[in-house]
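Below is one structure. I have some questions about it.
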């Protein structure tokens, strides 16, 4: 509700062309549907330009399936992340046609009538090691669901620095780069120094001992000596791709 | 050194048009000047699109002034951050014309022949409270030095939620938003839910007790329930503005 | 044992109306029954105005059932929290008529002759997301068991700020508000700024990565920029409801 | 802006009795005055029932004095906390008549026409040791400024358990109890077990070594085995008194 | 090897009454038997006055049984702690007559010819809550195995302060007191203030959320405001009892 | 107030030999004198067998001097610890004859009529390095003030293991050993393995970097592989000596 | 790619003896084979002097077996670490002849034509306790696979200091020493003080409570008072042996 | 005291060629001189091959000067580290000819008759940024004092990856490499991947915010994905150089 829209609405009320009841409803931000245990926000897609996303962690398979089904019924598409294996079948049953990616733990149903997005280019997802792949897949699925072309560059950690150097043309071709790394989380610093496009770093919980569940990689990335690298939560492939989409998507022509 | 440039260089060597000595020099990434205690990187501007930046923390006033002077001599402009009060005079003496912002602890000398930048729009810097202003100023000075139009929105913390809601048109007009907040660091979540442009969160060390020097705000921002918010280090206004520039600057027409 | 009661007791001893043996027994705080592994405190209800509560964590199903049965035998009602699924059947067998809430992991048997409580109003339990519901249910069951009217407002996290704003009349109608939130724990700050009644914040362990098992939400709430918000332990729905009861219950007329 | 007020406002607009311009202004939550570095919120007193409070930490003496003066000019009273000694004189100069408490680091100017408050009773502030007094004083000054009768009970830490037991009648006479303690923070657990009124625990940074700046006391209080104890940030006497006021103040008769 | 014994040994060598080979063997501290994966120290009993103890954590059931059997073969008794349920049968098979305490997770075989110990008195083990019992049992079994009379006082946490006060005569009768408590770990401070004998505090991992696996209780105990309380590791009932034995055992008459 | 004394008191009341007023006074634990900012406990000496101790940290020089003077007036002696240099003169002025130890930051005035204590032997204070001496001195002064013979063994850290081995006779001669060490805190483990008397470990804040203000030494000592080592707070020489006194002092003959 | 090799390569291109295509390939660091989820680096053996190592943590048994098979096919040998029991059979099936060490969780296939290494001497692996053996075995297998003679010294923790002292000749005979210890991690300090050869410390996650998963041992080792001790990650036997190999291996004669 | 030397000594005693008194003295490890507050170890040089080192942190200027003078009197040289500016003059006065390096905070007096060391080659000290220089200087001075040739490579952090790549020949020429870096501590991983000689990583406290005083760099280095990198304490240039010396020094020819 921008000031301009508020002004317009009030003008309509003053002119008698909009009944008070209707104005009240609009100003109360009605478009939230209450399921009892969750509010489904049918306007979020409009406001953010993205389909509704369901975060699976901490939800029972039944809750997850019910929420996804309610959203899917609107025809606008739904993306579920952090989907436990136990929820695969309930989701398939509740949302026919939903695609499940076991590695990335995502489930996705495209909109009935997909909208083509205008973008700055592709989102490149770079991973330091094989163990970082699940997080990278979550990011890739999210970016694709939001309408971004997606590219991948895998297993290019800094201990073999020639691997990332050999891929400089791939780096140079991307509009936004997501770098997924665990352990010391050094890869975003190197990538950030090689390119001038936005770089989003995703620490992963890959590692052991003093990795402290991803804390080491997280701190490394926050302290990156490459200026202009931003960071999301540990293992948050979804968040990185959301941010990348905010950067990469262009307004409708 | 992209593969295309490597191929071209090697073709020249094979054709005899480029002497081996010269080819060797280029491949060795020569353009780094060694001052003994620091390497000044005269090519960074070309690679990143930004003027050289000097990070003042941990450098003596003399080192800082000497590095700044060496860079300024090239005519491309220099930005120093985290400048202690003790370095104000040495900098002014070594770099005539440099502008010092005591609140933001920055010093800036524009390039001799400034280049106009094409941008997506303005960088909006939002602060939760008065105490967050020094970090916000560092971000503002950095963004401006990198060629971005800058706007500010101050003292709109979430405990008085109407303040940020009353500024929705300002939020809606920005191309990138930097949100600076200490204490619980909740403001980026609210802003992230109100806009669809990129949001970069800067936790500040404002607070006491269980704020733990900004840790509380940092964790809050990393765990933001608003998707697509990215985070930089505590008090890192410079980093946030660097990231915003990467997003906001467009390639030359 | 207030000074007045001590004086009265000593007067009785001096007057010979109270035997020394009896006085000794009373001064030794007798009303604690020793089960070997636990002391059941038959006077606690009188002192605190609440029925006896059994904390299930770390107790075997058998210990839990035995303690609950001993308390129930007094007819004053019993509330068990943190009840593992393995203890459901032992509790039902040992305490006929006990009501078990699997979502909130509570078990409750009302007193044989319930006492109507005078209250300031209702306890409103607000949750940021669906995953916070188990903690909210523990709080709701506790508040109800202690004699408070309970209302609920669910899934109104700050990333969609209009959801909590649309519920301002619900907020305004409560006597005490418990806000349950995980991740960045920002909701209590917003609620605290919208109302003037007491607000008790419950951080939950909902989240992942840098949520660090609820630490992020806990720190966020402790650093709330809204004055007058108080905090309980992570996932401590019971404690929040106990505190709300202390605030909401009025002395008998 | 409750739904009822929204309805009434819209009815007035529809009826033509309220001009659109005026309605727009009201809906935009206008009463926030922008000083450039801070927004002074002239409606907060109405909404929360408290005078405006200025948090001194991180503000220069000049900023602090300017904000306080602006508020004082409205005649509604101002309370400043965390006031550094360097700000005493600027405050006295800018706000004639302001009372400064050096121990509690507060400055207070009552409203020109004080409003008598209806309360449930007195706020009792209990301290474990002498070193906790500055935090206790901040709480006492805040509670008094908000219209509460204040009592004190000092130096009754649990290592000499008879001291708190000897004061049971004082405890029993309070409407709300604030317990201020550092080190292991055990006093709130004992107090919480002795009374049935609300208990707010304030951990202090008193201690050394493994006290970790108040973390030890904070964790102890969050894990209190006495149900119904709530906690505020380390050294946050102001916050505890704000919460106590929310509990203790009654609506106008 | 005290200086006196060294002098005597060398005198014997000089006098020819002790062969060089034998002297070398003695000086090399020979009495350690190497099992390949563990060294069994047959002299430890002599040096420390205790039977050999085997720490079960991180040892396979087979390793544990083999070590215990080797020690038992000497006839001096063996105490195993942190014995997993999976090791109960292997231990019973390898060490006939060994007594297993499932609650305390200990296994104990007395010496073939037990030595009566002279002690200062009894070791009293005090627990705050029912959930602390396993750790208390480990302490009790250890203290008994080392020859100390053991007494117990259970479920006397500080939230019902009258429970510990009612037991002051039990406290007064002990020579050493071990206090076992989780959550905020406040009980040792109260006990330490009531008695003048040595008090050893054992934090337990009982609790949840901000208890952080016993860290809260550990910090509380280290910061105890009662002087003279010492602390052992979280859940370390064995260590507390070992220390209590060092204090309580008297040299042979 | 033991049960025996309670019985005797009540018998006197019943017999009329003790007036009710006097009995009430005694039962109320009267002997606490309220200075406004601190309670001086004139009975503590009787209960604990030690002179009154004043903890200087967080007290102003004036408060410290006033409390010490009030205690000294009773003639029973006073020990102040953590005395800042700024308090030396105020203490000397307020308590004539008080002895100040600048290295250990203690101030001590013996009782007017010192009582000879019966002890088990001497308290030996062992330090790992020169930097640990201030903490060791606090322990030594405390132990001496409480009536214990004190011995010292300095600079015997484990990196030169022969140093502690060469002192085995000194170790063997002590009744209680306090081991003071910073950095990795390994010395108590070695000492604990060499002796069978009680060993109290004091971690110090000596070190830098990952010593984290004594945390490293504290954790090392808590995890000591030598059974029966107990630990006090970082830099808490006073607490270690208090515990040693509880162990070493014998009841009056 | 050293400068000398670069010069030589360019000379060949200029002389026409090396085609541009071939030069381009070499400069692009081609010898990395992309399996989709991992890059196998066929040149690493040449560069580092070691066979390829596969880190099993976070890889599925199938991924692990596939990578190992691809490397084994080159005939240069493969070492896998952190191999879960579930991967034993897939590895045996995919890599005939591979040797699996269940205690150390390693799998090793020597090169088809092993190269004899020149070394400074043997790598000695010292363990504090039985529970440290799995980490020690990982180190031993790694050191052997890299061509080092390996010796072991087990169960010589500092609480029985005579055990390590009795083994001084073993210590004196080693070229490099790896010390593996959990709990307080004190053994490397003692060993470092007894020898002058390089000492590498490996903290293990052995312990409980305040061991915090190896953090205690890690901090102890980092703060070692013995100069010249270096440290690797918790439980990182592989890393310690890799470092030992770097020290111990001599260049080919 | 190796077994061989013990045997020889005992043989001499048996043969009568060594008096018992002398044998006793030798076995007691006499060569430690007790200054009261520190033990000067005159044999350490022989045992470790290094001159005596004095660690200045936590020592008063007077203690430092006295210890240094006592060592210097032996003529074997002394190295002091962590020397505060306040100790410069006392050291110069007490130890004529001592060389003070203000940047590295070291003071060094060579031995009267220096011994030439045989080494494997040079110790190369690599720094990521200018702010890391003080730690690098401490390492350089230490390595030189211990007889190693020293080389330096400065300001080659990973954000400009070409800088370290351009120095590959310098890296290739070193026998041991010390890498000094703050912030995310990524440089050792890159260096470790480029060379096969031993790499010792020194995290520095350079950085701010989430650098947490060097913790970020420390964790990054411990989790290095380059195998064979070992780590020392934060800012511990001395320790790194000590370890490098153990690796680099060869036994006398």
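The chains carry the letters A, B, C, D, E, F, G and H, assigned in the order they are written, with residues numbered from 1 in each.
As a convention for this text, contacts are C-beta pairs under 8 Å (C-beta built on N, C-alpha and C of every residue); 3 or more make two chains touch, one makes a residue touch a chain.
Quick caveat: nothing in here was measured; it's all calculated off a predicted structure.
> Chains shared as neighbours by chain C and chain E?
D, F
> Could you run down the chains that neighbour chain C and chain F together?
D, E
> Through what angle, between 0 and 180°, must chain D be rotated so its C-alpha atoms fit those of chain H, rounded to a multiple of 5?
Fitting chain D to chain H on C-alpha positions yields an angle of 180 degrees.
> Would you mind pulling out the distance in Å between where the CA atoms of chain E average out and where those of chain G do?
Centres of chain E and chain G (C-alpha means) sit 38 Å apart.
> What whole-number Å value describes the gap between the mean CA coordinates of chain G and chain H?
Chain centres of chain G and chain H, defined by C-alpha means, are spaced 25 Å apart.
> Please set out, as single numbers or ranges, the residues of chain C touching at least two other chains.
Where chain C meets two or more other chains at a single residue, that happens at 3, 28, 129, 160, 165, 207, 209-211, 215, 218, 222-223, 227, 233-234.
> Under the stated touch criterion, can you name all the chain pairs that qualify?
A-B, A-C, A-D, A-G, A-H, B-C, B-D, B-G, B-H, C-D, C-E, C-F, D-E, D-F, E-F, E-G, E-H, F-G, F-H, G-H
> Considering the complex alone, what residue numbers of chain C touch chain B?
128-129, 157-161, 165, 183-186, 189-190, 192-194, 207, 209-212, 215-217, 219-227
> Sort out for me which residues of chain G touch chain E in the complex.
Residues of chain G touching chain E: 129-131, 133, 154-156, 160, 162-163, 165-166, 206-211.
> Name, in rising order, each residue of chain G that touches chain B in their complex.
3, 6-7, 10-11, 13-14, 16, 20, 23-24, 27-28
> Once bound in the complex, which stretches of chain B touch chain H?
For chain B paired with chain H, touching residues are 28-30, 32, 34, 36-39, 41, 44, 57-59, 63, 67, 82, 203, 205, 213-215, 218, 233-236.
> For chain A, which residues are in contact with chain B within the complex?
Residue list for chain A touching chain B: 1-4, 47-50, 53, 168-169, 172, 196-200, 218, 222-223, 227-234, 238-240, 242-243, 245-247.
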